[in-house]
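Just below sit the structures, each encoded as structure tokens.
Next, two complexes with chain A in common: one pairs it with chain B, the other with chain C.
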Partner chain A sequence: MTMSTVSGFDEVELGDELPTDTPDVSMKQVTSFCHSAKHLFERFTDHDAARKEGFPGAIVPGIMSQGLLAAMIHKWAPGCTIKSIDTVFRGSLIVDSTITMTGAVTDTDDDNKTVELDLTIVAEDGRTGVIGTALVEFLN
Partner chain B sequence: MLLDLHTHSVQSDDGRAKVENYCKWIRKKELPLDGFVLTEHRQFDSESDYRHLEDEYGLVILKASEVESDFGHVLVFGVTDELQATLDFTDVRLPLEHVLYQSHQAGAFAAPCHPGRKRVGLFSHYEQKGQVDGVHTVEVLNGGSIPGEDDLSLKMAAKYKYKGFGGSDSHVVSRIGYCATDFPEQKIYNMDDLVNALEGGSFHAVSLRPTQSD
Partner chain C sequence: MGVDVVVIDLIIAEIHKPCVQVLPSHRTAVSLPHLHPDWTYEMSQASSHQDLAPIRKDWVGVEFDWATFEMKADDMVAWAEACGETDQRFINAEHPDFQAHPGFTTHCMSGRVFPDNFPQIGGGFGIDGGKKVEVHAPIRAGDTLTATTTIADIFDKTGRSGTMIFIVQRMEFRNEDSELVSTVDWKMIKRAE
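And then the complex of A and B:
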């Protein structure tokens, strides 16, 4: 079942899916992020420069992908605490393309009120660019 | 029996799925799988024992390997000590003919996976280097494929008269069962059973990918 938002552990079940999200990874947004994070490399902010490095175009920084996934989790469960988040970068996510983030509850721990999540980001061509997991704790 | 022949757990460097969570997911989602095969990258996990999970969840859990060759990635079912002594599983450029021959000699079953994929798939290498003798079966449906890749795998498998199986290639829990292999009217409870069933050739690939209506 897909739940738009959850406010507590009791509302979460194994198998639940987080609402899919298609975050803005336009050049404007990515460049703004790179300035904010002091993570300025041309492969993130210049399509031509990225192609010279062998990429199909400018790529979304890994730390931005992880931040977007964290934002998706908080959008789903505003009151939760992300105890850990772990990502694997399997392929490039291209700036100015459409990317789709998904999440799913893969385990729950009643004693600690924590849940484990699967996380993925799928690139415009259907390739899974990022996979990951997160451990999320609820206060209530 | 319906088995997912291609999955990865946290034992693989890029895998993030716990084996028990696979089991919980299969049961919670009522997936039609009877079991799955863990095919860890460039290694054979001889240590892990999942019999307690098989008993608890009523699933068959088998262990195999995904090795890397000069013609792309290859799944090896029925890995033995003898095979591990003759093949360096960590070598990312194993000659495919060597993998096929040594696997056969050791009583194992080797078959290229995601053959329609660029760089790591068999058929992209065929375009440049020609056909390899000894290939008889390939993974025609792979859960990680992008549109067009499985179509190419099916088309080329038909051209070369290869048998086809399916696997999800899941690296996270929620992707298990996207593709699988149906072995009609056969009982597979251990790796010997699986190797015999693959050798027998009576199986077909199945896609169970979620659709918009799911």
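And then the complex of A and C:
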């Protein structure tokens, strides 16, 4: 079942899906991220330069993709605390493309009011770009 | 995890040509030319089916780098906004619980990849296989974090494309009160050939 938002642990059930999200990975947005991360490399911010390195176009930094997933979790469960997030960078995500993020609840812990999530980002051409997991804690 | 898939994709995705370095034959440790997580690293001598047990015994847990990082509100907000964050705790510096986004410390890279005299393991390119972040406590604007870097693990896995060696570099970040606030594990993958 897809829940648009949850306000507490009791609203979460095993198997719940987070709302699918298509985050902004425009050149403007990625460049802004790169400035904040002091991560200024042309492969992230210049399509032509990235192509010269053999990429189809500028690519989204791996650490930004992790941040996009964290933001998706916060949208789903406002006020929650992400205790850990673990991502594997499987393939390139292209700047100015449409990417799709999904998540699902794979475990719940009543005692600690925590849930585990499986996370995925799929590229516009259907390839899986990022997979990951997160442990999320609820205050109530 | 499909290690073979990871390797094939990441060889394409994560090579950063300006950062390619070749270890000198006398095996001294080298520094990254820039604090950059999307890097690649080429060994000058490939080793074949190396027994990792003695290497693990000697190197896992070795602390080899130390650095400090200032947490600036503007950067914290810009990072969170660029990630599409909507929670005011991360994008409003005036919020009473304003704090860094969970992965903010992933951009605070150690200046060195390996300790001095670290042995050559595997061959070919080293690939950024991903990052795990543990959030222990909120990071606040104005904090100065002290990071220590260790070799956290060395292990291998075998998939369809052969055996791969994983070297895990761990950075632990502590605030001025010596409180552990963040741990980042950075997995480097190399071919065991």
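Keep this in mind: the second predicted complex is superposed on the first by the 140 of 140 C-alpha atoms of A that agree within 3 Å, B and C clash if a C-alpha of one lies under 4 Å from a C-alpha of the other, contacts with A are read in each partner's own complex, and residues count from 1 in each chain.
The definition used in the following text is that contacts are C-beta pairs under 8 Å (C-beta built on N, C-alpha and C of every residue); 3 or more make two chains touch, one makes a residue touch a chain.
Since this is a predicted model, take the numbers as computed values, not measurements.
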{"item": "Which superposed partner A:118 touches (first chain B, second chain C, both, neither)", "value": "first"}
{"item": "First, second, both or neither for A:45, with chain B first and chain C second", "value": "neither"}
{"item": "Residues of chain A touched, compared between chain B and chain C (which is higher)", "value": "C"}
{"item": "Contacts of A:86 with chain B and chain C, given as first, second, both or neither", "value": "both"}
{"item": "Which of chain B and chain C A:131 touches, first, second, both or neither", "value": "both"}
{"item": "Which of chain B and chain C A:33 touches, first, second, both or neither", "value": "second"}
{"item": "First (chain B), second (chain C), both or neither touched by A:106", "value": "first"}
{"item": "Chain B versus chain C as contact partner of A:97, first or second or both or neither", "value": "neither"}
{"item": "First (chain B), second (chain C), both or neither touched by A:15", "value": "first"}
{"item": "Which superposed partner A:63 touches (first chain B, second chain C, both, neither)", "value": "second"}
{"item": "Contact residues of chain A, present in both the chain B and the chain C interface", "value": "86, 88, 90, 131-132"}
{"item": "Touching residues on chain A, where the partner in the complex is chain C", "value": "21, 23-24, 29-30, 32-33, 35-39, 41, 43, 53-55, 59, 61-64, 66-68, 70-72, 74-75, 78-79, 81-92, 131-132"}
{"item": "Touching residues on chain B, where the partner in the complex is chain A", "value": "14, 16-18, 21, 24-25, 28-29, 144, 146-147, 171-175"}
{"item": "Touching residues (chain side chain C, partner chain A) in the complex", "value": "1-2, 5-6, 9-10, 12-18, 35-38, 75-76, 78-87, 90, 101-103, 106-107, 128-135, 185, 187"}
{"item": "Sites on chain A touched by chain B in the complex", "value": "14-15, 17, 86, 88, 90, 102, 104, 106-107, 116, 118-120, 125-128, 131-133"}
